[in-house]
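Each of the next two complexes has chain A plus one other chain: chain B in the first, chain C in the second.
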Partner chain A sequence: MATTGLISPAEINYIREGFAVGIRADGRALRQYREYLLGLDVISHSSGSARCRIGFGTDVLVGVKVEVSNIEPGEVPNRGKVVCNVECSPSTTQNWDSRAADELNNELTQFLHRCLNDYDGIDLEKLCIIPNQSCWILYVDALVLDFGGNLYDTLLMAVRAALFNTRIPKVHIEETGDDGEKEFDVIDDPEEAEPVPGWADVPLAVTLNWANQTYFVDASEMEEHCTDAKLTVTVNKNGHICAIQKSGLGAIPQKVYPEMLTVRIRQEWGVPLALWP
Partner chain B sequence: MDRRRVNGPELSVAPLVATVDAEGAVNFVQETPKQAFTPDTKRQDGRSAGDIRPIYLRAGLVNQASGSAYFEQKNTRVTCGVYGPRQNKKAQFNELARLECEIKFTPSSCEKRRALHRDPEEKELANFIAQALSPAVKLDRYPKSTISVYISVIQCDGWWSAVAAAITCASVALIDAGIDMIDSVVAASTLVANPSTVLMDASQSEEDAHPHIDAGVLLVAELPTFKSITHVVQMGKLDINQTTKATEACLEVCAKIHGVVNHYLRESVIQQAEI
Partner chain C sequence: MSTADLPDLAPFEQAAAKRTEATTGGETQLVTPGEPITSNTAFMRGHGTYVEEGVVISALAGVVERINKLVTVRALKARYAGEIGDVVVGRITSLAEKRWRVDLNSRQNGVLALSSINLPGGVQRRKSESDELRMRTFFAEGDLVVAEIQSLYGDGAIAIHTRSLKYGKLRNGTLVTIPPALVQRSRTHFYAIPCGVDVILGLNGYIWVSKHVDPQAIEANPEEVYSNVNDPITAEERTNVARVANCIRALSRQFIHIHDTAIVYAYEASLRFPISDLVTDSVSSEIAMEVRAKLQS
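Up next, the complex of A and B:
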């Protein structure tokens, strides 16, 4: 994680000592999220969009655009595609050195790509229109408008909300010849449009921050500078773990690791259950 | 596509195998297709589910580098060169050394030809590897400096096993470079095919035989003496029991690999002393 360099060793020490006794600068418990705001349908030209702001810090805007695409030879013949991109807006990252910003963009993009494309989540096979010919392609573009810690959780929250909000037009398929050739028309009527198949299986993330022999959720920007390592666990509605990723330069003791995996989103954290089935 | 260079074909195709039948006629047949693993069969290369492929390791091959290593696991071949610690190029003061990693899959390393430039996937892997190695390196011993780790994957038989190999190989190269470390880093990967088969160190054909939809992949890097996990990546839907089981399996294998690493390190020290 890039640092702005605006934290002194004394401050780091103060915050870290606090973790050991369960006290945080903003008065929260170790397992308590900040308040969040979630807005749907915020960009009119997109097929679906959402904005998530957590604790008046991190602010992520996600727009989903749906387009028809060709299935090229060599690609899986019966699956649609999801293309992800995460970008930290220059207004947030001015203070960071350019390489750190690039690295973060790439890390988040690849993470999102793996969450949505490779495994489970969105039902890619239902996004196929005609096998070997055409499919739907979902462009998921996230823009980080402001940064105040806990980017992973906020990002997935906004993405899940945007996918919930997305509508894919219906298509009418007809056979044109005896040899099984098919053609299709996209039906323009917005009333006929359908939700993204499998959006409800898209996981949410909980990032656990390991610092001073304890772990806590939803780090603020200052707290993030004081953590040794972060463990992001994404969990779907059935309680399955969909992805795990460690980040940060520290190590996590083997003893605590299994316990960290069992942490689940709970109602009393005040976490985004708005879209939780 | 880069038109200034001679580009190889996009896809490589398995050759037909010549067989001679009872009447002496020669037939050309396709190789047997890849088959999924079932608990009561052996794996394609005769291993059982918990076995890894045999490791060959050597430190100190690249004369130019401060330290280097070569790691081989059957068809997975990785080399790594470590340069530094050297002075930071930028004037900015930093209390800790910067551990800079780069990984490149050579164009002919995988089934599909890889681009010559570094793609986003490789950049992310480089990030993973830096995060996996950092806890072991005493970065505070080298203020204002950069340690560069360059890894090339010469041949890749199983994507995640190649990444695990790269981490172990890089850690050996760092040791060979004489950089202060608290422990070596070893990594292991596993493929969890539903419902509960844990295939350690999966080869490419096994990764292909278990498509992502019903399988998960787990990679764990650890400091064996400190019993600390330095990196963990999981892809694919698994329930908590499967994840725990797979992690335990990985850690067990890590301990074995650690033994191998120590053995080869001792050997290379003796070799160097003789010269």
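Up next, the complex of A and C:
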């Protein structure tokens, strides 16, 4: 539900005091996620899609489209491409005017771009069809339909599920000339399509919010207003930390970092086995 | 990977179906946009419907209402339309000349005039220019107020007042937002739930759940009307507030009208569950079933 993005001093005090005694305003423990719904294959014309809704608040829809692209001179000759775009629907909250929404869109797009491109996640080399010539390009488009806090975690959950759901058509490669020149045909049969190579290595995020000398996960919208700083940790299925991003104006004491970085995705989220093997 | 390991493919559809199933048991008929209501030509189409090939079809997601031969659909998530005398909970969004603008979950912001508030200490006098200069000490942006609708403007905008000790700034609790259609007009909208929790049911769907404060203590201390500081709250009071708040969320998720009896029944039914589970689909439907059974008996 759209809100004004405002909070009263009494509410801030109530929520922050709640952190100190470990009772949150909605009765959760400090390290407890809200119930979430995950739907797969929600957009029929995409190569893969998913929608994740957490606690009847934040709602993210992700569509993945796979297309053939040319490898231009100067680009890495043997890698596919992933292009991300995140857009927040202006109806989500009243306080995101066009400029604030633009900034947020950029921030989230950058975050997603780094998560999908800058480490051993999706196997980009397997997305190459013919080196120096053609490759697959994955358009990952996310739409934030509703906001109720904890956008980063929900976004990555939806993206990972959409990649799990994505199928890339098989290609048939032929050598056409004596000089090693190659051509390829895309096989249209959907039965022949393959999963995204390395989708399982895409991480999930756990955002730890620092407030009132303690930290908690999965902040609701009101709780985000009461948070001093946020630490987003992305973890892959081997339990390795892939990225850490600190946001917010407050400081997190150095001595709590090691403790905060012990996040375990399965424990925090309770992820279904199929999505987190 | 076998299909058995896959997460539910259509949890959204399933959840929706479950909710419809739970609510069509009574006389209310829930419809979605495009759903045929009746093909009987004796009926006239009203608000929220249209006719296609002789069939009356819903244009909204809501409840079908029949008044004689007129068929209308009342939207479930419509914005709040006020009436004079309604008790509402609102949030101050901005200050203007001699008035505050208030978010009332309505189509447009409500107005709280400087002349429609009580001064701290209950002083009776006309508001002066110095009062205008310290308006932020009464209500600032973000503050929550409980108020009564004083009048309505021609375009449907709402003017509210807080000229009673019952009304004023809210403290010691948490706000729950539900569809306004679920709150019905009643004799009182201020309830003290026996577990030591106060509930203010704003007709605009904003519900304030807070720890119990003796009304006499407020009257004895009129200076505190505009305080921003919470009273000390014990862990027990805090858990009770959270439980009542989640009971209200659970009831609204199951489309049950929110009133004191429903809240008390839901509270009793909820005691065997952990607080945070109350808002899940499975537990909330279980609680809803118990509440419905008790309300009918």
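Everything below uses one rule, namely that the second predicted complex is superposed on the first by the 260 of 277 C-alpha atoms of A that agree within 3 Å, B and C clash if a C-alpha of one lies under 4 Å from a C-alpha of the other, contacts with A are read in each partner's own complex, and residues count from 1 in each chain.
Note that in this section a contact is a pair of C-beta atoms (placed from the backbone, for glycine too) under 8 Å apart; a residue touches a chain by one contact, two chains touch by 3 or more.
What you are looking at is a predicted structure, and each value in this text was computed from that prediction instead of being measured.
Engineer: On chain A, do chain B and chain C fit together or clash when superposed?
Structural biologist: In the arrangement built by aligning on chain A, the partners chain C and chain B fit side by side.
Engineer: Just checking: does A:E103 make contact with chain B only, chain C only, both, or neither of them? Give me first, second, both or neither.
Structural biologist: After superposition on chain A, A:E103 lies in contact with chain B alone.
Engineer: For A:L37, decide between first (touching chain B), second (touching chain C), both and neither.
Structural biologist: In the superposition, A:L37 touches chain C alone.
Engineer: May I ask you to decide whether A:L261 touches chain B, chain C, both, or neither, giving the answer as first, second, both or neither?
Structural biologist: Once the two structures are laid over each other on A, A:L261 reaches chain B alone.
Engineer: Applying the touch criterion given at the start, work out whether A:D26 contacts chain B, chain C, both or neither, answering first, second, both or neither.
Structural biologist: second
Engineer: Identify the partner contact of A:S8: answer first if only chain B is touched, second if only chain C is, both if each is, neither if none is.
Structural biologist: The second partner, chain C, only.
Engineer: Output check: A:A205 vs chain B and chain C. Expected answer is one of first, second, both, neither. What do you get?
Structural biologist: Touch status of A:A205: no partner.
Engineer: After the superposition on A, what does A:V140 contact: first (chain B), second (chain C), both or neither?
Structural biologist: Touch partners of A:V140: none, neither chain B nor chain C.
Engineer: For A:K246, is the partner it touches chain B (first), chain C (second), both, or none of the two (neither)?
Structural biologist: The first partner, chain B, only.
Engineer: Across all Cα pairs of chain B and chain C, what is the smallest distance in the superposition, given in whole Å?
Structural biologist: Chain B and chain C, overlaid via chain A, are at closest 9 Å apart by C-alpha.
Engineer: Would you mind writing out the residues of chain B in touch with chain A in their complex?
Structural biologist: Residues 10-11, 120-121, 123-124, 127, 130-131, 134-135, 139, 212-213, 216, 218, 222-223, 226-240, 243-244, 247, 251.
Engineer: In the complex, go through chain A and note every residue touching chain C.
Structural biologist: Listed in rising order, the residues are 1, 3-4, 6-11, 13-15, 17-18, 21, 23-29, 32, 34-35, 37-42, 51, 53, 55-56, 161, 222, 272-275.
Engineer: Given the complex with chain A, which residues does chain C contribute to the contact?
Structural biologist: Listed in rising order, the residues of chain C that touch chain A are 1, 5-12, 15, 91-93, 103, 141-144, 169-175, 177, 228-230, 233, 235, 238-239, 241-243, 245-246, 249, 253, 274-276, 278-281.
Engineer: Which of the residues in chain A come into contact with chain B in the complex?
Structural biologist: Residues in contact with chain B: 74, 103, 106-107, 109-110, 114, 118-120, 229, 231, 236, 239-255, 257-258, 261-262.
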